[in-house]
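This report concerns only the one structure given below.
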Amino acid sequence: MIVVMERGATPEQVQHMAQRVEALGLKAHIIQGTERTVIAAIGEERAETKESLASGAGVADVVPILAPYKVASREVKQEPTQVCALGLKVGAGSIGIIAGPCSVESEEQILSTARAVKAAGATALRGGAFKPRTSPYSFQGMKEAGLKLLALAREQTGLAIVTEVMATEDVALVTDYSDVLQVGARNMQNYRLLESVGRAGKPVLLKRGPSATMEELLLAAEYILNEGNLNVMLCERGIRTFESHTRFTLPLASVPYLHHKTHLPIVIDPSHGTGHTYLVPDMAAASIAAGADGLILEVHPDPEQAMSDGYQSLNFAQFNETMAKCRAVATALGKRI
Amino acid sequence: MIVVMERGATPEQVQHMAQRVEALGLKAHIIQGTERTVIAAIGEERAETKESLASGAGVADVVPILAPYKVASREVKQEPTQVCALGLKVGAGSIGIIAGPCSVESEEQILSTARAVKAAGATALRGGAFKPRTSPYSFQGMKEAGLKLLALAREQTGLAIVTEVMATEDVALVTDYSDVLQVGARNMQNYRLLESVGRAGKPVLLKRGPSATMEELLLAAEYILNEGNLNVMLCERGIRTFESHTRFTLPLASVPYLHHKTHLPIVIDPSHGTGHTYLVPDMAAASIAAGADGLILEVHPDPEQAMSDGYQSLNFAQFNETMAKCRAVATALGKRI
Amino acid sequence: MIVVMERGATPEQVQHMAQRVEALGLKAHIIQGTERTVIAAIGEERAETKESLASGAGVADVVPILAPYKVASREVKQEPTQVCALGLKVGAGSIGIIAGPCSVESEEQILSTARAVKAAGATALRGGAFKPRTSPYSFQGMKEAGLKLLALAREQTGLAIVTEVMATEDVALVTDYSDVLQVGARNMQNYRLLESVGRAGKPVLLKRGPSATMEELLLAAEYILNEGNLNVMLCERGIRTFESHTRFTLPLASVPYLHHKTHLPIVIDPSHGTGHTYLVPDMAAASIAAGADGLILEVHPDPEQAMSDGYQSLNFAQFNETMAKCRAVATALGKRI
Amino acid sequence: MIVVMERGATPEQVQHMAQRVEALGLKAHIIQGTERTVIAAIGEERAETKESLASGAGVADVVPILAPYKVASREVKQEPTQVCALGLKVGAGSIGIIAGPCSVESEEQILSTARAVKAAGATALRGGAFKPRTSPYSFQGMKEAGLKLLALAREQTGLAIVTEVMATEDVALVTDYSDVLQVGARNMQNYRLLESVGRAGKPVLLKRGPSATMEELLLAAEYILNEGNLNVMLCERGIRTFESHTRFTLPLASVPYLHHKTHLPIVIDPSHGTGHTYLVPDMAAASIAAGADGLILEVHPDPEQAMSDGYQSLNFAQFNETMAKCRAVATALGKRI
């Protein structure tokens, strides 16, 4: 990394920092500029190293050169990773569609949705049994009863089950019933949970936190990968910005950017990313055009009656139209849904 | 609009506000809630009205019901507006491609670019002659000499010329040489300039400021429309957020959102919106899939040698590939570029 | 709440929504505007109610009137809450100072810091034993050994111990050793953890997530309060914005805003809020001037050697100066540290 | 600056970039790292240089080392600049208070306000005659008639006049009547206007744009300084973030940060920075504690009747209290208002 000294740094401070660089096991190159001095510190960059050097007297800034994530990096693994669970295939040319209601509400609701989304081409069913809710007074999900209904839907349709796990103490239970463990945006930096799902032996869908940088997202994935679980899908679901006409701002440039940096597949969530049903079909198609490896979409038999997120859910007809649009774009770009 | 009183507002404060509502020419309906009182103020909502009521004693909030823009609103004009300039057609089913260098640098540069982008399917040439630059020490553009080169390029290729005007004192000059006046992001709320281009009689490409809301963008357009010029294209070029891996964050949901609210066509700028050449082709295709009516793209014969924005410019081969990708998506969705 | 119908909503849609409002146990007032219709829904506002109505056909927007948090609200409890733990008193006129290192690193480090901050006027010692780190390859804290050192520091100085708990499975252990349980910014919406610390019977310091709204912060507090634990301090530690010259953007207007909305005391963290040692003293003084009930500050015997956050830590001399400055401001405003 | 090559960059690409660095008049040091190569480019850094190098093949990033602003830099001028206009003194230990209505509305309004704010300790009067308004349908100011009223207020009270100039064509007129030219947030990057006020020979109050970085603000100031006008005050008035409970987010860390980087004085605008009257007094006091060299505050005889910004204006009694609070803090910190 590059240690930039302040303009008025003394030769002693420069020497001191060069010695600290060497003490950290890096090689120090001192470069005297016309207006200030920089020290190039060559060798393995560790997170602590940067922090430690940044605290030095006379240091203006420390600029890392290497990415801090390792296993997630495309520099480590060139070929794209494909994550599979039953019929769901995400990445390496395959586009997987995960669809279903925000929350599991009843047997009829989840079974009818499963049949409808399967008929339209989805290969996985989403549905929340444990729901993280902003207010303690909101519906918190059906919990294990919801998981059983999801398993029933899988039995009847063959769809892979994608469902959120909120806490380490639930990981074993949720793993028993589901095919993909979803870590929600609020928990992206719940590191114990990441380690726990990393050890659970099932693929993981990791949602980006609403103010997480790309680097933080990749480092969160690294917590899972570091447990030996390489089946991680990264999910962009929108970031928090000053915009208020959408629930979040959905930055699709995350797709080509992440493809450049990592071999892990990228899934887009246009439902949370926009927060309005009428914006979902166009943004779903745009996601495919941007190169997304998968979509996760909220679908409900009767959004007006949904217990959560109805305003951003598609009904069955809207989901069919969305799928047709996405399939047309995918075909035009030589891909398959 | 709705005047929400504070929980502890006195009956006198409520009466006083109701009288102020009536004095403003609106009809006041007082609604006693279980926990607080609201006053519905029915009638034409003017910007001043909201401000004035919000200052009242005992008032917690004033919530507008109607959009503050008028002429731009789809409620006023249902059918989409198509903006045309020479062969450029943007909106109402036509997708127009505007391409060219960030800055006009030389005759050879601009003419070769014009020929290349025309061959690939563009119908307008962009190129800056007056350049707003963050630093006073950066290249500020060729000014009138640049405009003359643009006019020469039009003569040779028939492409419409899109170029930025930075100040009211330049409007006449730029209007003489160009077909579309571009108002840059930094000037989106330079109201004198908006009025001036509104009176110039040429179509306008209005770029969204990096922290402007949709409402502010539409109200800026309203300044132009209010001068009697209805040929306004809105351009999304990215917003400023915490993300630093892209130059700006490009929120494509602006496209379907704006189509819902206004009849004006929407152009996307994936070059500024991403800030990196390698992200542009995918985001251009995604823009088309999201429903954009046009694209504005930076293209340079040799981006490495560009005097500005080379890191986000396409070379000719990259532009050809981008066009092929966009055309495939457009065709798949039943549109034409 | 107010249900704003779309301009083109049909009378049937309006009637349908009015019936749904009544079915939810609210009273519906239909108000015909000149341009659109609104329905005032009067009665208790629940989180589900808003969501449910927002999904209705013909509905443009649903505007809540009441705050969704209850126990945290100043409307429910007028007098300010004071949170106490040993000598630490925060709120209701008392300003409490919590100081110490980012991480507990060694016996000498934590004991020397404890003595120094106590001598300067702090009444609580902070220090991380369980550290949430962005990278899995960073130092993760001394865990129980760190807790033991904190308890030793309390024994020697009488300072209250404030330390972070990252996971429900650690709550019992951390509760055994500490006086105040800190919930970190990354865990602000880790609802299981909030419920767990709510039941632990110790005061809680709840840090605002970097993209949490005030309402989300208060609802997170509500999860704790809802378990019967009323000793909650809210901590503003900066939000994520486009600014990159500071680690986070520290919005001190949170202090008077929260004082207006809640009876809970407000603590400011200028160390994380700025990310640079040289900005901390001025922002600490500004926090006191803004009305903060407490400060939490990173102090280290030798920041250059700190294992984490050295670049934003004060050394003992800097802490003394900061305290002098804060005390002068507090005295000028009639308060005491 | 530092040119960071991509991991897979070829030796030819490295050599090519080193040659380009030398061709730009800089000295190139090639440093072979264990995982990638960087080139240190030593010499004067110009804005174009960075852009040009960033476009090179095989280049991952270009990291500047020096600040791009020159005249504004504290590295160029160590001692703080004091800006004076009549009795207004801002910087170098003096705190200046600028107060008055958002808009000049009438003779009585402006004269009564001038007398009130002078009596409370202000040394300058603010008041808009040319008003930049988001909507074309809002009150746009009294224009020259307003300027005449401001001049009358100066005549009667001796207060310096601070008023906004929106366009180059108005600079001469506004300069005739006022003592300080204000450039509003929307015009921070209206470079022609900056150059024009730079030549007008009066002190300038330059407001930060709501999404401008510190570097952009300082470069905007550089446009003015570059015309030979060194009497520039920087004004922080809040940035646009996801927060919606305040009109903008007011980041007071700008004060110590800017003091570190520049010799120019810093003025805070808590009225726009918060957007709510009840938040202004505490944030005014916090600004002083953070080290601000001045405040600009909206004051109106009857905020409820103000034609603009009434909801964030102080009445006379509130202004008196705010001044008392600020004076107490200033005195405690050894400064004078």
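In order of appearance the chains are A, B, C and D, and numbering begins at 1 in each one.
The rule we apply is simple: a contact is a pair of C-beta atoms (placed from the backbone, for glycine too) under 8 Å apart; a residue touches a chain by one contact, two chains touch by 3 or more.
For clarity, every value in this text was computed on a predicted model and none was experimentally measured.
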Number of steps on the shortest touching-chain route linking chain B and chain D: 1
C-D or A-D - the one linked by more C-beta pairs in contact: C-D
Copies chain B and chain C touch via same or different residues, half shared test: same
Distance-maximising chain from chain A - centres being C-alpha averages: D
Centre-of-Cα separation between chain C and chain A, whole angstrom: 26
Approximate Å spacing (C-alpha centroids) for the pair chain A, chain D: 38
Whole-Å separation of chain centres (CA-atom averages), chain C against chain D: 31
Sites on chain B at which at least two other chains make contact: 211, 215, 239-242, 244
Chain B-touching residues of chain C, taken from the complex the two chains share: 2, 4, 7, 29, 31-36, 38, 40, 42-44, 63, 65-66, 75, 240-242, 244
Chain A to chain B touching residues, read off their complex: 211, 213-215, 239, 241-246, 249-253, 255-257, 260, 273-274, 278-279, 282-283, 285-291, 325, 328-329, 331-333
Interface residues, chain D side, partner chain B - complex: 46-48, 51-52, 54-57, 68-70, 132-139, 166-169, 186-187, 189-192, 209-211, 215-216, 219, 222-223, 226, 240, 303-311, 313
